[in-house]
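Multiple structures follow.
Same chain, two partners: subunit A is paired with subunit B first, then with subunit C.
And now, the complex of A and B:
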């Protein structure tokens, strides 16, 4: 091993103190450098292309429906994350949620742009036309929790339920999507990793410090997860996801809430 | 995974392997941290003695040291703090520490 390589090996990220780690990963600086790594050089989430391959029917119509519903979910998260900045209990959470709001705004923008690329003349009108009632119900309830300054319940609804389901749905969709949509989704998935991690870890810490909030979170889970799971299953069926993959999405979500102690 | 082998002693007196980490193209964290993470490649992939999968986001976390139960790991892509434990079947696993 050369001296330089020995020097490089000597820096061990896992030796950071927990406080240093949390300070680092919640920072705007970390976010800037992270997203630059995978979004730099892209235009609306994909490499600039002189020629956009067409998506044939009926796949195009299914894709439009899926993207419309992704826009509903991402708009819910954009409005939710923006509102949560004001009630976040500390600086690190406020800064992280500001980066999440930017991520969510980008997701709405790239999905709307993809709809345009697919020939939808008025993407926002199409989103309103195709939005799943279940997703809209979830969005309304999430924003009520945010407006009610119910920090733990809102974080659970947004960063655990919504983000965990989006994360697995996008992964599943990206495997079979056309190349442009796949690239857009892959960028979104990388953002979502931060969002699900923030939700699970923030809530895990809160539950550890204040076990009495568990009952309240359980109520929110019972109220909201079935609503969203049904809406997500409908969307996945539309884009042709197999029953096995749909079960995988549900299993991933149940794993996440299971780690927090919710069956 | 590349270039193992710089040996030192752990608390049990057994040598703990050291690893030099190369950047595998993982692009979701700032450049200075990239070599500590890689993508799980699915069927056919295997974890090295200095690697564990993040249970939250499924990224492979890498250390410059062979992992032992009780070690602390950080998953920067999803901001999780983890602890290495002996899992079912005797294999080392990472669990979330809130």
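And now, the complex of A and C:
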């Protein structure tokens, strides 16, 4: 999505000056146009279907486990993003994070709804039952960084580590998922791409202005990478992903973080 | 509770807000709509428009901080999700009202200075009372302060401004109509969600009633500052007379605002908001406390 505005003349965002670029891409208006493009006409993340194809066992149980853990990750992201609104250093970051908070809330909602469609009677209880301890540990640490008003570390944990990993896992899952789950995941992936973009841009500018931040972020990365990667490996093992595929997801994630300059 | 909260889902919000009444708008109004020329050309009116809009930005920034801060204090997932939609609604309001500062010529790099210069000190105190509860992660007091007191005030203020501007400034009236629709949803959530929590924790009532009384006082003081000794009084009178002479009207709450003195408008607004507070607080089991009059 590089052009915005349906109601006025289209704006090619990459032609804008840096300040105007940020003003544009961190705005509600930009978010509004973006999601309108890919969520219009969908109900709970997928096209309304008169008939929902059944998912056979054991794939159904595995999918439920995966969705439960996606809900844990997305709830962490919802609480992280909303907490970050308060400590964001300027109006544009606050507005962007408000759009991210609603994206994350939508992700929780569509995954809980998908659990219902799969026949789970009490999705929230199921999420609590199946939540990976590693993911819960990551969530606690992320919220500590937010509560400690550690802006750079929290943005790194949330918009780089968590979002990049979710992006990689969801992309991998979408390739083999049933059609309904795939459509839900594809919408989520589009949101995650925007969130990673914000994290990359925000941290990139701060690292340029204050290179000493890099050491602090490196510390956070070492601490949280392992926690999150272990949690993802555990979950993927539970859902029956092959060792090769697990390694591929981890490699893709490390490549993604490496591209952001935090290898 | 689960059934009522399903009406506040992200899905419902997407269908009613971005894909509903905001469809086709730009910064909350129709593309191409502009502030009226007489307002931009008149220094007194232009400054008054900036002063008024600054109060809207201050109020909405408070609402943004409160709704985002309450997400982590919410006791259930569905409330968190509703508050996420409210967070985005409030961020949108900050954005559209900030844009309304840019439209009459406030430069973006000067915006914070302008907001500091014109922000009403009583409104800032009003916000501080609420944000103290949010900082303490006090969900019940936070939601009463935010979704009943702050949003209830905003709802009536926006409605009154909408009535005044419908014919004088359609661009601003359109901007306000979207925010009014949002505020209505927020007030509804506050009433529905908090009633059951107040029943569960009746010991919280006295503290919440004190907060309502304090916030109400600062709200009335803000109204008093805005309406009494208003430097644009003569200019407004001229515009409103012209409106009436041309057969126009600005009806709200059964009165004709276009023929009223500012002090009379203040009374209508204060009476309306306080009466709404009384009704809404009564519904959730909180006894309305009359504030001191500034």
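Structural remarks
By our rule, the second predicted complex is superposed on the first by the 236 of 263 C-alpha atoms of A that agree within 3 Å, B and C clash if a C-alpha of one lies under 4 Å from a C-alpha of the other, contacts with A are read in each partner's own complex, and residues count from 1 in each chain.
Note that in this section contacts are C-beta pairs under 8 Å (C-beta built on N, C-alpha and C of every residue); 3 or more make two chains touch, one makes a residue touch a chain.
Here the structure is a predicted model, which is why all the values come from computation and not from measurement.
After overlaying the two complexes on the shared chain, residue contacts for A:256 are found with subunit B alone; subunit C is out of touch. By the document's definition of touching, of the two partners only subunit B reaches A:21; subunit C does not. Within the superposed three-chain model, A:73 lies out of touch with both subunit B and subunit C [touch as defined at top]. When the two complexes are overlaid on their common chain A, residue A:134 makes contact with neither subunit B nor subunit C. Of the two partner chains, subunit B is the only one touched by A:198; subunit C is not. Within the superposed three-chain model, A:187 lies out of touch with both subunit B and subunit C [touch as defined at top]. Comparing the two interfaces of subunit A, the one with subunit B and the one with subunit C have residues 5-6, 8 in common.
Only residues 5-8, 23, 27-29, 32, 35-36, 39-40, 43-44, 75, 78-79, 82-83, 85-86, 91, 94-95, 97-99, 101-102, 104-106, 108-109, 112-113, 124, 143 of subunit A touch subunit C when the two sit together in their complex. Within the complex formed with subunit A, the residues of subunit B that make contact are 3, 6, 18-21, 27-31, 33-36, 55-57, 59, 63-65, 71-81, 96, 98. On the side of subunit C, the complex with subunit A involves touching residues 9-11, 13-14, 18-19, 22-27, 30-32, 64-65, 68-69, 71-72, 77, 80-81, 83-85, 87-88, 90-92, 94-95, 98, 108, 111. On the side of subunit A, the complex with subunit B involves touching residues 1, 5-6, 8-10, 12-14, 16, 18, 21-22, 24-26, 30, 33-34, 37-38, 190, 193-194, 196-198, 200-201, 204-205, 207-208, 255-256, 259.
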